[in-house]
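Should a chain be cited, it is by its letter among A, B, C, D and E, assigned in written order, with residues numbered from 1 in that chain.
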C-alpha cells in the first residue's frame, strides 16, 4: 500500500504515507539519533512507507505525541506503555528483552556493608561490561556472572529505619517506586522513618552512595558501571545488598489509528530485526541496551506495574 | 552665508549624503541568507510547516484546557517545596548579586577602559555561561555531592553569567557624561565605579538581580537534579504522572511569585528612575 | 573687583557646614534594607549547606577538568557540528520569532508609551509566559506541530517572549531620555515617540538582548530534547548522562567557541550602531 | 550665519493662538513647588519673554503650557484647547501646533541632524510615513529651510551626538521651526550660542512672530535680549510672577523684585563694554 | 547667592601652572578637524577667555588641555607635565590639579548634589580612602564650601537629575571648585545662568584666579563677559587662533575676524538697552 493522505481517519484500512516512531532511551545512553537510522531504514524498506525516527527524552511528551497522532509508534518504558494504552487506547505490540529477560530488578546499594550486609561482600562479574562488582547478602555468587534476579535479600529493607536514603524522582520505578513499595511492606513510613536524599538519575543515585551523601541508594542493574571512570573503586564504595521485585521492561506500542495489517507487518519486522543482520544486533544493543524484542507482550506485567504506578500518581 | 529668498529645496547646498546603504544592504542580505540557510532541511535546518498549525491546533487547545483546570486539593503538598525553592532562590540570587557588581563593572567598557582585564573577565564569564545548566548540575553533583551546596553553586553560576552579560552590555550602550567629568577630575576608575557608576546604573542592576531571583524559582528543576528538591522537582514529578491539574496549581504559584517580583521591580525602578 | 552680592546675608554661618540642611529621612529605605538583610541571614543560616564541602572543590575541578579536557574525544566532532548547526537553525528562527513579537509588545508595555490597560495586559501576558515552564509550552506545541525541529523553534520562540518582553520595557523605562519629551512636545504619538526617540536610544541594548536570546536558545536542551529535535544541547545532555567525559569535553569546546563567536558578533554590531554606521 | 532667511518655503500661514494660565501651580513629586498660583494671559501673536533666577520656575512654566509637566492645580488654555484636561490624541493635536525648544536640546544623539529635524514633521505625519521616516518633498523643504536658518546645513548628515553644544542647540531650534507651529515655546534658546548666532536665532523668532503671526514665549536669562527682542517681559521668582509689563520699562525696583537684590552696573551684561 | 565665602577651610594654597600648546591639531574620528595647528602659551596665574562661533573648537581646545580629547599632533604642556604623552596614574595626577567645568554639566543624574560635588575630591584621596569612598572631614568642608559659593547648599540632598538647568551648572562648578586645582578650565560656565548668578560665578573665578593664584581658561560666548572679567582674550575660528590679545582692545576688525562678519550694534548684548 502506498497512497492516501489523511488515512489516519479512515479506521485503519488505508496505509499512511509515512509514520513517525519516537523513542525514549530507557537507559542513559549515548546520542541515539545515529543508532536509530539503521532501524528506520530497515522498517521503511520492509513496509514500503517512510518511517521517521525521533529520539525524545521525555516520557510524557512521547505519550502525548502518540495521543495527538503526531507519532504512531513509541518505544518506551513500562510506565509510558501503561499510560499510552490507558489514556489513548494504544496497542502494545512488543516487549524489550534485555539479557534474556523482559524484566529487571532494582538494586539497593550501600557504602556501609557492616550495617546492611549479613556476610562479607563478594565480587561477581557484570557480564555486559566485564566489570567486577561487589555484592553481599548472597544475592550473587562469588566469582560468577551476576544474574540480577530479584527479589533477593528484600527483608533487609526493614533495617533502613533512620538511614539517609537516596531516592530518585517519584516517577522512577527502579529509583523510587519499587524500593518504596518494599520499604512500606517492611513496615517503614517512608516520609518519617528515613531521611530522603533526593537525586536525579541512576548515576547520581550511585554517586550519592559512593561519596557518602546517602547510606543507601537505588538504581537499575547495574548502574555502578557507568561511573567507573570517575570512581574506579566503586566496588568498594557501593555494595549491592538487595534486589527488589522484577520490574517490567518497556516495549513498543502503536496508535489505534494504524491499519491492522500495517501493525501486524510492523510487529513482525521489528520482532525479526535483531536477527536480520549483525549490524542490527549491534544497533539493538547500542540503541536501548536491548538484545531483542519479543511479541509476547505479557500485558499482565504491564497492568500489574500500572497498579504500582497508581499508588504514586495520586 | 548671506540670506537668500525662497526657492525650491534644490537651492540648499546639502552636502552629499554619506553612502552607508551599501554596507547596510550587505549586512541585511547576509542576515537574510543566514535565515534562509537555517530553514533548509536538506542541510539540517528547520522545515517550517505552518499548515500543521492550521490542521492540528485543536490538539493544542485540548491540551491547554487540561492545563487550565487546577486541582486545588494538591495545593497543601506544594507549600513546603515552594518555600524551599524560594529560600534557595533568594540566597543564590543574593550571593550572585554581590559577585556580579565587580565583575560587571570590570566587563563594561565605560567602567573598565583596560581592554586586557575587560576581555579576560568577559571571556571567563562567557565560558561559564556557555556550559548548559544540566551539564553544570551534573558536574557539580559529581564534584561536591548532592544537597543545597551544589544547588546554590549552580544558581549562583547562572545568575552571575546573566547579570554580568546583560548589565555590562547595557552599560556599554548608554552614555555616561559623568564619567568623563570624574576622569577630568583625576579620579581613579575604582573611585568612579564605586561612587558614580554603581549608583547611577543601579536600576540596570536591580532589573537583572530581580530577574535572576525570578529565574531561580523558574529553573528550580535544576535543583532537583542536584538533589536540592524544591518545587521544580515536584513539577517534574506531577508532569511525569500526567497530573496536569497539579501542574496547573504549581504554575499558578510560580505565576504569583513572578508577579510579586515584577511588582517589586516596578516599584524600585520608579523610585530610582 | 568687589562683585560680591549681598545675598550672602542669607546665611550667617561662617563655616558653611553648619548651614547644611538636614538630610531627608531615609527611615523607610533603611527599614526595608534591614528587613531584606534579616530575611537573607535567616534564609542562609537555615539552609542546610555543608560549606566545608567547598574545600574539595579545587581538587574536584582538576579531576573533572582532566577527564574532560586532557584528551577530548574528537571522533564525534562531525556529529557535533551537525547538531550545532541544527541548534543554530532552531535557535535563530526561535530568536527571530521571539524578538519580532516581543520588541513591539515590550515597547508598548513600557511606562509612558502604551495606555495603562494595554500595559497591564501585556505585562500579565509576559508574566504568564515566564511562569509556564518551557517544557509545558513544548508539550502543548508538539501536539500541534509534531516531534519536529519546527516545534523546537516555535517553543523556543514562544517561551522566550516573556523574558524578552520584560527586558524590552525595562530597558525603555531605564532610559532617561529627553528626546522622547521632544517628540511628545512636537505632538508625536506613541509610534513617533518609539520610532524617533526610544528606538534609536535603546537599539544597542535591545540588540544585545536579542543576540543573547539566540545564544541561550543554542544551549537550550530541555525543550529541544523533549520534542526530539536534538541539537547540541541534547547531545551534550546525553553524553553527560552517559558520563562520556571526553566527548563532553569536546562538545563543551564546540559550544564555548560558538558562544564566543556570537558574543564577538554581538559586540561588533553594537559598536557599529553606537558609532552610527 | 544667516539671519534673514525665510523659512516660508511653501508654508501655509499659521494663525497665532493665545495662551492663558489660570491659577496654575506645579509641585514636583519630590515636593518642590516650582510654580505657585500663576495666572497669565498672552494674546495671540504676542512675543513675551520670561526672566528669573535659576530655579525660579521658568522651564516649568514653559513645560506646563504644552502639558509636558502636569499642573497640580489650575488650568492652562492654548488657543481653543484646555491643555490641562487633555490627553491622548487631542493633546497630541494641540502639541502639533506648539513648537518647543528645550533647554537641554533633547536630540536623539544617535540619529543624524537631518532626521532629528524631520522629527518636527514626522510627529504629525501619518502613521506609516512617520514610522518609515520617509519625508514628503514638502517636509524636506521645510526641514532644510529650518536648518538653513540656523546655519546647520553643512552638518546635515552628522550624528547629533557629535555636534558641539551650540550646534546641538541650533538643530533643536530647527526641529521646532520645522513644525510650523502656532505657538513657539523656547527655553533659553540662545544659552549656548555666540552673539552672532544668538542674535540670528532671536531675530528668527522675532521674524516668525511678526511675519507668520505666531505667539512666542521665550525664557531668557539675559535681560538685555529680553528688552531688545520682546515688548512684554514676565519676571518669575520662586514660582510666582513678580513682574509683568513692558520689557523696556522694567525699573530698578522690578529688577530687585525679580532677582532679589538691587541692580548693579554690570548686571546688564555688556554695559561695561 | 553668596560669593565671598572662602573655600579656604584648611586648603593648602595651590600654585598656578602655565599652559602651553605647541602646534596642536585635533581631528575627530568622523573626520572633523576641530583644531588646526594651535600654538598658545598661557602664563601661570593668567585668566584668559576663549571666544568664537559655535563649532569653532572652543570646547575641543579646553578638552585637549587636560587630555580628555587626544591631540592628533602637537604637544600640550601644563605645569611640569606634557599631557599629550601621559596616561594612567600620571595623567590622573595631572588632572587632579586641573579643575574643569563642562558645557553639558556632566553630572550623575541619579546621585545627590553632595556626592556629585565630592567627586572633585577624589584625586586627593589616599589609597584606602579612595577604595572605600569615605570622604575626610576636610573633603566634606571643601565640598560644602564650594556648594555654598554657588548657592546650592539648600539642594545638597537633591538628586542632580531633578535640578533646573542653571542649578545643574552650579553644581558642576562646585565640583570643579572643590578640586582646589592649579588650573581651572571652564567651558561656558555661565551659559545657563541668570545675570546675578552669572556674575557671581565669574567673580568667583576671578577671585580664585587672584587670591589663590590660579590659571583660568574660560570659554565664553558673551564677549562682554570676556572683556569684563579677563584681560586676555583668544578668538578661535574654524579651529584656528584668529585673535590673541587684550580683551578690552579687540577692534571691529578683530570682531570680524572671529565671527566672520562685521560687528553690528546689537552684537554687544545689551547695547540697545
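Operating definition for what follows: contacts are C-beta pairs under 8 Å (C-beta built on N, C-alpha and C of every residue); 3 or more make two chains touch, one makes a residue touch a chain.
As the structure is a computational prediction, the values presented were derived from the model and not from experiment.
Chains that touch both chain B and chain C: A, D, E. For chain E, the chain with the farthest CA centroid is A. More C-beta pairs touch across the B-C interface than across any other pair of chains.
In whole angstrom, the spacing between the mean C-alpha positions of chain B and chain E is 43.
Chain D has its Cα centroid 78 Å from the Cα centroid of chain A. Computed from the mean C-alpha positions, the centre of chain A lies at a distance of 38 Å from the centre of chain C. Counting partner chains per residue, chain E has residues 104, 109, 196, 199 touching two or more of them. With touch defined as above, residues shared between interfaces to two or more other chains in chain C number as follows: 3, 5, 7, 64, 135, 139, 143-146, 176, 237, 241, 274. Shared contact sites, meaning residues of chain B that touch two or more other chains, fall at 56, 59, 63, 138, 142, 145, 147, 203, 239. According to the touch criterion at the top of this document, the contacting chain pairs are A-B, A-C, B-C, B-D, B-E, C-D, C-E, D-E. Within the complex, the chain B residues that touch chain C are 20, 23, 34-35, 37-39, 43-49, 52-53, 56-57, 59-60, 62-64, 67, 87-88, 90-91, 94, 122-123, 126-127, 129-132, 134-135, 138-139, 142-145, 147-149, 152, 165-166, 169-170, 172-174, 203-204, 207, 211, 214, 218, 221, 235, 239, 247, 251-252, 254-255, 257-259, 262, 265, 269-270, 273. Within the complex, the chain E residues that touch chain B are 66, 68, 92-100, 102, 104-111, 115-116, 118-120, 122-123, 125, 130-131, 133, 172, 175-176, 179.
On the side of chain C, the complex with chain D involves touching residues 3, 5-7, 178-179, 181-189, 191-192, 195-197, 200-201, 203, 273-274, 276. Those residues of chain C lying in contact with chain A across their complex are 63-64, 67, 76, 79, 83, 135, 138-139, 142-147, 225-228, 230, 234-235, 237-239, 241-245.
On chain D, the positions that touch chain E within their shared complex are 1, 28, 30, 32, 51-55, 58-59, 103-104, 158-159, 162-167, 169-170, 188, 191-199, 221-225, 227-228, 259-261, 264, 266-273.
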